[in-house]
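Before anything else, here is the set of structures, which you'll find just below.
In the two assemblies presented below, subunit A is common to both, partnered first by subunit B and then by subunit C.
Moving on, here comes the complex of A and B:
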């Protein structure tokens, strides 16, 4: 078969992704996550009298716990498939990656399964975050902006 | 007004990430790593602190704030402890999130069975 014909068939059969629609869904769901975070911060600050710094930590912990729970009940995966980056980029994506890796490797035992593989997906975030922030803070100190 | 700002900011970050994910062949892991590095970079000139003042929770919930907190902790550590504070202060602000994610998912993985 000729290469152009083959390419035509491949193009016809790959599922079409509407970039604009996906971006719009990610925009709306990501924005709603932002509003939810702001509501949680205000709730902790005003009703429970927690200072702003601790209120942000409480907000992050609440969102992480909720997304771990929803992943366990099984319907968070469907939401991620629909919203894509609207749920991957907020902190919920980090928790979802950790939780699904822990669930998946549960059957291989506590140490060799959960312990060794829990950070399989989300470890990249921690490692690249630490390396890049170390580099950037060295740069900032050398430049003398501190 | 701050609700509107947080909607716009968090939505824009997610939409840009979705655009990168759709137009290139990168996986969601790559996109997340790009945004963490971006957040760490934006903290050099204190840009991200202004964004948090402007957008509130909308700037704190995307993964960019994770990178921002890492750099922020290192610079705060340098100011209090000197040069070793860069190594010691890295996780000062982010440890709560990481610990919560690890502890919660450890105990939930003991309770629940994976669903296909």
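Moving on, here comes the complex of A and C:
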């Protein structure tokens, strides 16, 4: 059979993903994450007297710690699976990906297991994060000079 | 290529599963099921290996023979270097042939075993195994990672199944076997293995029917391995449009193993253990009760490699078929 003809049969028998519903869930849960982050910043600023810049760092550390802890408890993957990009795009997704890989390879040794594989999923985020920040800094520098 | 066997019987079988399978539809037909995924071992890979040893022990017990009577083992699994099989076989003192055909390993094992018995060996055991977490770790993402999965993904079964073949007239007759070809129709989607494997299944079924001069109706049931619900639909449409053959009496073992309504398995079960777990337990039970007389088992395997998938290459697939009959 021709590959194009076969592709038609496959396409006909492949179910559509509920993109609209998935986007809606991600929008709402992602928004709730934003609210939670705001509440945390307010909490650190007003109740613990931490300056704004440090309060945002404390908020990030709190979210990372919670996602890692929940991943270890074994229920965070179900949350991520439901919320999708609502939890994957924020720092919680990065923490979850790193922690789950660390858990997966912990029995293969500290160096050869955790060390070598912990950033298996999230390593790309770091690389392209650094590359894009470098790129945008150049743009800012050029625009600033002009 | 179809090989006809005159006097080969699957005397006895054994099935061992994990918790998801024992919560599925066929729980009462399995010989043994575990409630966790480690089975007392430290890692999932070691756990899968233990499943193989368990299945062989149960098989020997059921048949009531000493393990030194077995002249050869044939087996394989999904892990790199067929790890689970090799480590299980390190505990046996018997010649071993390791085979790999991804999820089509079970029927390939039956064909190889039948040929060994045909060429003079007395008792041969063939086995396969798979472990959900070990497979997820190797082929997809870490088990605790909750990235969303498309509806077409399948769920690798946890279990091991073993079968004892000999010329002794007991059990189910292995009437013939068709060795499949590697087929690649240009699918790259690693989340749609049903679409990858359906043309291989179609080619093997067509070849088998042509070689034996039979029609699809000859069989009470044509059973594919792990195409899943969407792959099975693709197979039916492909058979109709390419060969003009209507598959009315067919089902997929991946759909029978789990309860898709209540278990999160998406399109169905998969893995080298899926086809033999269902066949050796439920299907053989139905055959012994006389509800099914002739069954064509077509286990399907996606010969996927991460390296090649990352290089944007398409995924080849293979299917091997065995014709099973009630002793007449």
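Criterion: the second predicted complex is superposed on the first by the 126 of 146 C-alpha atoms of A that agree within 3 Å, B and C clash if a C-alpha of one lies under 4 Å from a C-alpha of the other, contacts with A are read in each partner's own complex, and residues count from 1 in each chain.
Note that in this section a residue touches a chain if its C-beta (ideal position, glycine included) is under 8 Å from a C-beta of that chain, and two chains touch if they have at least 3 such contacts.
Everything numeric in this text was worked out from a predicted model, so none of it was measured.
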item	value
Subunit B versus subunit C as contact partner of A:138, first or second or both or neither	first
Partner, of subunit C and subunit B, that touches more residues belonging to subunit A	B
Which of subunit B and subunit C A:29 touches, first, second, both or neither	first
Partner chain(s) touched by A:116 [first = subunit B, second = subunit C, both, neither]	neither
Contacts of A:48 with subunit B and subunit C, given as first, second, both or neither	neither
Subunit B versus subunit C as contact partner of A:103, first or second or both or neither	both
Touched partner set for A:74, first subunit B, second subunit C, both or neither	both
Which of subunit B and subunit C A:10 touches, first, second, both or neither	second
Contact residues common to both interfaces of subunit A (with subunit B and with subunit C)	17, 22, 74, 84, 88, 99, 103-104, 121
Contact footprint of subunit C on subunit A as seen in their complex	1, 3, 5-7, 9-10, 12-15, 17, 22, 71, 74, 76-81, 84, 88, 96-97, 99-101, 103-104, 107, 120-121
Contact set on subunit C toward subunit A in their complex	42-43, 137, 141-152, 185-187, 192, 195, 199, 230, 233-234, 237-238, 241-242
Subunit B residues within the subunit A interface of the complex	2-3, 6-15, 17-19, 21-23, 28-29, 31-33, 35-37, 40-41, 43-45, 55-58, 60-63, 65-67, 70-71, 74-75, 78-79, 86, 90, 96-98, 100-102, 104-106, 108-115
In the complex with subunit B, residue positions of subunit A that touch it	17, 19, 22-41, 56-57, 59-61, 63-65, 68-69, 72, 74, 84-86, 88-91, 93-95, 98-99, 102-104, 106, 114, 118-119, 121-122, 124-126, 128-130, 132-134, 136-141, 145-146
